[in-house]
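Structures for review follow.
In the two complexes below, subunit A is the common chain; its partner is subunit B in one and subunit C in the other.
After this line comes the complex of A and B, so read on.
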């Protein structure tokens, strides 16, 4: 197992490098640049800006410098658009925000989703099942860009219970968490339900029941663990998606998270911020798919690496 | 040199004779205990550095944190700021500003003429790489073009400190609107010591030192920016407002909801919602002229389509544009249909008589059909054009409507929606046929619009007209340049380098407890020092 983790980490480095090079090339291929603006700048100023941000060097040199900055100093460079911020500062300000509401949303989605799915599977084709399936379909078809403005309308304008946006204490977390978690919760419930149904029909469950185990033991000890395998493979990428923020949540609730920064940086051609967040998301994705694989082995003793 | 003391506006001379008027509640108004004002920002503020900012929302913030030589009054006329008065030499090339000795930075240091010298040099210096360095050229400050290009040293820029409180600016050409230009935020002073000590980080909260009526207390990028009253401001005794805050809300509809919930004191009204909001909240919904002009630019360069080089085709396309439908059915916010380029509310501007503005839409369409047929286009040889616009709900609606208007003319329009950076990039390289375009005034005078279409102007469609250029050259020394401006607009109506569509209005909700926000300034610049909150 230890060897497996080491091997995977070793592969992660070239993967990230490939990600950096590809993103870099794609980014520079897009028309316009960070300094493209309504009034075309005099060549002298463009030259100065390019020199200041190292854009006057050949592309390969820029990539090498960039990677070296990260490896040697953990420096992701200055933002090209916000002169008084570095990429590190932008991520340090925005990532804790998305990590907070994304993390809570993740826990909420897993707890509610798995419970709903399991309940529905156990009581298949009863009103409980229909209610659970109905809820999850409802949650899935209500996209967060529809839900977010509705939440603000109801809880801020009509009831006056919650602030309509911004970032601060837990009272600011509620609406982003609800808006972000619902569709994930619905997917988790759906996957859990179908996988649970499959497991409940398998031989080892029949054996467990034949031994006379109580229903709760059968479900919790023997059925839930294998039923969660497909859920876990879904959760790895879902977790990364959630903690790196949702542009919809960031836009509607003005949280200042990095979801919005990511989209803005692409539209503004803020190369450094875009690269920084791409690398963050890439690294987290690699890390959590590794975590998922490790969890697999832990849950299912048949799996050997 | 004999200096001729000149006061361009009555407001300015009044500013001399009288002490600054204190902000005061009108009869029957009682000041609220909580003097705070929360305004809306659509996007994150890029920077609070006056020389590195390039957008309107950034200027709104900068105007609170810094103060230039002159300010604008409620109607947009220049009034004393750091300068109490200025003299203009007989040849109209040297401005001498007299600075108030009591002006201070927020750290207590005096604001001196040298601060302006440093700041204007910094703006023009290519090492600063300011996106607004061209403003120094637009102002005709001596040597500005050479300094911006890096051919001369910043020290050679035509600005010098005669003494601590006397600033002299030399221009290369008479510039009648020069005093209006020094209300622009890129001409504001920055504190040399702090900028040099902190580098790019000097605009961070806690480090920023300004000379405006407010100081920066916090700035969470994309969330909010907070400012408190500056006790060191020279006129602090007359500032009622204590705290101001800009809240970023990226969605206009959510911002409106939060306005209604009392979280914002001012917000823009989304397109199409003005009529109903105006009915529901007549004391809060406003629609006031705003100095921007919207249209479809024709590409007249060599890279542009052959058809558009024929003025009959351009006229036909302009005549067939149903401006009333755009303003009355799509925007619905009090915008005005436009048949020219300069915004109608610009100070002193006299609208020429434009023939087709007076026609009915049926007449225009008929004329357009005739012109197009004359130019050789018809059912057997239909005119096909691509209309490019940048991503935006309203641009899209108008473009889709335009497609229908032109269909009636027998012209086939293909729509091409691209994001802002791509749009800009293509405009600048003349890689388009017809493109959505808008221009906003940099200062309250018609030349800010008309200079655009000079052959040396930004002029992305590469319109060239010697007569037009000549008129604008003459306007610089004319006693009343508006004569030339009106004539220049006549040429635009004859040559039609664009399809003028509509002229902007600022369509906002303003809380009824906030008083003192200007509603008659076409530039829509506002100063928090002039506003106050009343008890309801």
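After this line comes the complex of A and C, so read on.
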């Protein structure tokens, strides 16, 4: 197991370094520097600014400095547009918010999705099954950026039950969580249902029933574990899509997460902040897929590591 | 969401030895025609395509001119009506929503088809090469794909669009860059199982060069998987583009797309101009629905395993 984790890390670390270097080179290739303004600054000021941010050094030196700053000090450098703020401060302001509703949405999607899928599989061809299948098809064409306006329209404008945006107590969490988790809930329900149906038809379940186990024991002890394997392998891509979806949530509900900072910096051409967030998200993704792989290897006895 | 398990099962089915009698394609056609949801979806797709192609000749207004009588007064005068020629109403600037929707449909469909097209060409060739050559080349090629898949592509795509300027070609390039990765994995898997079949061995024994075996003997046998995957990929590409346009980072005015129209409609829905949201949303939803159903139908027709 330990060797397996080490081998996965051996892939993960170069990937992350590649992502950092790649985004640095992209930024470097951008036409115009961070200090290009409509009114040209005197060359001396430009030179001073470049010296302050270390932009006058050779390219390889800049890359090494940047990578070293991130790896050794977790320091993404200063923002180019707001001289008094560092990228770290901008990320630290938004990240807890994103983590809060993202975490809740993720857990909700997994718990509700799996329960819905299992129920639909056990009661195949009943109204529960049709409801689960129907909503999962519907949710496929209702991505978060369509869900968000519809939720606001119904619950804020028509019913007036929930605040349409902002960040505060749990009442502000409801709509972001629902908007973010619905499509994943549906996908997880669909995957659980089809794999559960397959498992329920397999021989070891027939054996378990034949030796007289109670139905709940058959489902929980013998069927659930193998049925969850496809769900676990779906969690990796789901995490990426969810973190991408948080951008929409931040924009639409003004929750103030890192998605907002990302789009703002994209519109302001604040490359340092964009890179910082991209790298952070990349690192989280890689870490998460590592966790998923380990979990998978741990649950599936067929995998030899 | 594309179910990898089902794709693998499909891949396995497509490489099975053929049984004598009807060809699997004729069988598949028959099964597809019997699938009502898929057939209806196909009709819907054809109608949407006709709407995109011929919609402009029905429209009373062009997508750029503003109706100055309506401008600034969209909530009271811009609603859908046949009397003034705004079949779908107008947007806040008094532009005709019908012709804007036609334009948005054209752009979104184009993005979807081109993105899927790039995925088909690049992914098939890449995956088939990796699978056929095998060994160290295969390991390096597929490890590269693994690494690229671990990068949060939407963020990188936005980074690309901001740095190199927002244009249609950049959008196509960016979406095309990521769309082929999954495709190449699936194609490689199937190539591996095709590689050891007799007809490939025969071709190799008669001295056909490697690239010719890939193009002439492997690729045609991949057609089923590739067709299904491409159909399911089109809506995903449309979703990606709409997502970026919704954030205001996608196509630029005067061009528009479903995502941009939905974003505009969602922004003004408090002012009682719901039609600005509903019409683009309607086309968006039915098209995605139809693509998913056609893709599912194709898969079931080619891989008739009872699910």
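The working rule: the second predicted complex is superposed on the first by the 259 of 305 C-alpha atoms of A that agree within 3 Å, B and C clash if a C-alpha of one lies under 4 Å from a C-alpha of the other, contacts with A are read in each partner's own complex, and residues count from 1 in each chain.
Everything that follows uses one rule, which is that a residue touches a chain if its C-beta (ideal position, glycine included) is under 8 Å from a C-beta of that chain, and two chains touch if they have at least 3 such contacts.
Values in this document were obtained by computation on a predicted structure and should not be read as measured data.
A.B. asks: In the overlay, answer first, second, both or neither for which of subunit B and subunit C A:115 touches.
C.D. replies: neither
A.B. asks: Looking at A:124, would you say it contacts subunit B, subunit C, both, or neither? Reply first, second, both or neither.
C.D. replies: In the superposition, A:124 contacts neither subunit B nor subunit C.
A.B. asks: Applying the touch criterion given at the start, work out whether A:230 contacts subunit B, subunit C, both or neither, answering first, second, both or neither.
C.D. replies: Only subunit C is touched by A:230; subunit B is not.
A.B. asks: State whether A:78 touches subunit B only (first), subunit C only (second), both chains, or neither.
C.D. replies: Once the two structures are laid over each other on A, A:78 reaches subunit B alone.
A.B. asks: With the two complexes superposed on chain A, say which partner A:62 touches: subunit B (first), subunit C (second), both, or neither.
C.D. replies: In the superposition, A:62 contacts neither subunit B nor subunit C.
A.B. asks: For A:277, select first, second, both or neither according to whether it touches subunit B, subunit C, the two together, or no partner.
C.D. replies: second
A.B. asks: When the two structures are overlaid on chain A, which partner does A:187 contact: first (subunit B), second (subunit C), both, or neither?
C.D. replies: Once the two structures are laid over each other on A, A:187 reaches subunit C alone.
A.B. asks: Once the structures are superposed on A, label A:165 by its partner contacts, choosing first (subunit B), second (subunit C), both or neither.
C.D. replies: Touch status of A:165: first partner only.
A.B. asks: Return first, second, both or neither, reflecting whether A:29 touches subunit B, subunit C, both chains, or no partner chain.
C.D. replies: second
A.B. asks: Go through subunit A and flag every residue that touches subunit B in one model and subunit C in the other.
C.D. replies: 30-31, 148-149, 153, 157, 251-252, 267, 269
A.B. asks: Help me check something: in the complex, which residues belonging to subunit A touch subunit C?
C.D. replies: Subunit A residues touching subunit C: 11-12, 14-15, 18-19, 23, 26-27, 29-31, 137, 140-143, 145-146, 148-149, 153, 157, 187, 190-191, 194-195, 197, 230, 233-234, 240, 243-244, 247-248, 251-252, 262-263, 266-267, 269, 271, 274-275, 277-278, 281-282, 285-286, 289.
A.B. asks: Help me check something: in the complex, which residues belonging to subunit A touch subunit B?
C.D. replies: That would be residues 30-33, 35-42, 44-45, 47-49, 52, 78, 81-85, 90, 93-94, 148-149, 152-153, 156-157, 160, 163-167, 250-252, 254-256, 260-261, 264, 267-269 of subunit A.
A.B. asks: Name, in rising order, each residue of subunit C that touches subunit A in their complex.
C.D. replies: 1, 3-6, 143, 146-147, 150-152, 154-156, 158-165, 235, 239, 242-243, 246-249, 259, 262-263, 265-266, 269-270, 277, 281, 284-285, 288-289, 292, 307
A.B. asks: Can you tell me which positions in subunit B touch subunit A when the two form their complex?
C.D. replies: My answer: residues 43-44, 46-49, 52, 54, 126-127, 129-131, 133-134, 148-150, 200-204, 220-224, 247-251, 253-254, 257-258, 260-261, 263, 419-422, 424-426, 428, 458.
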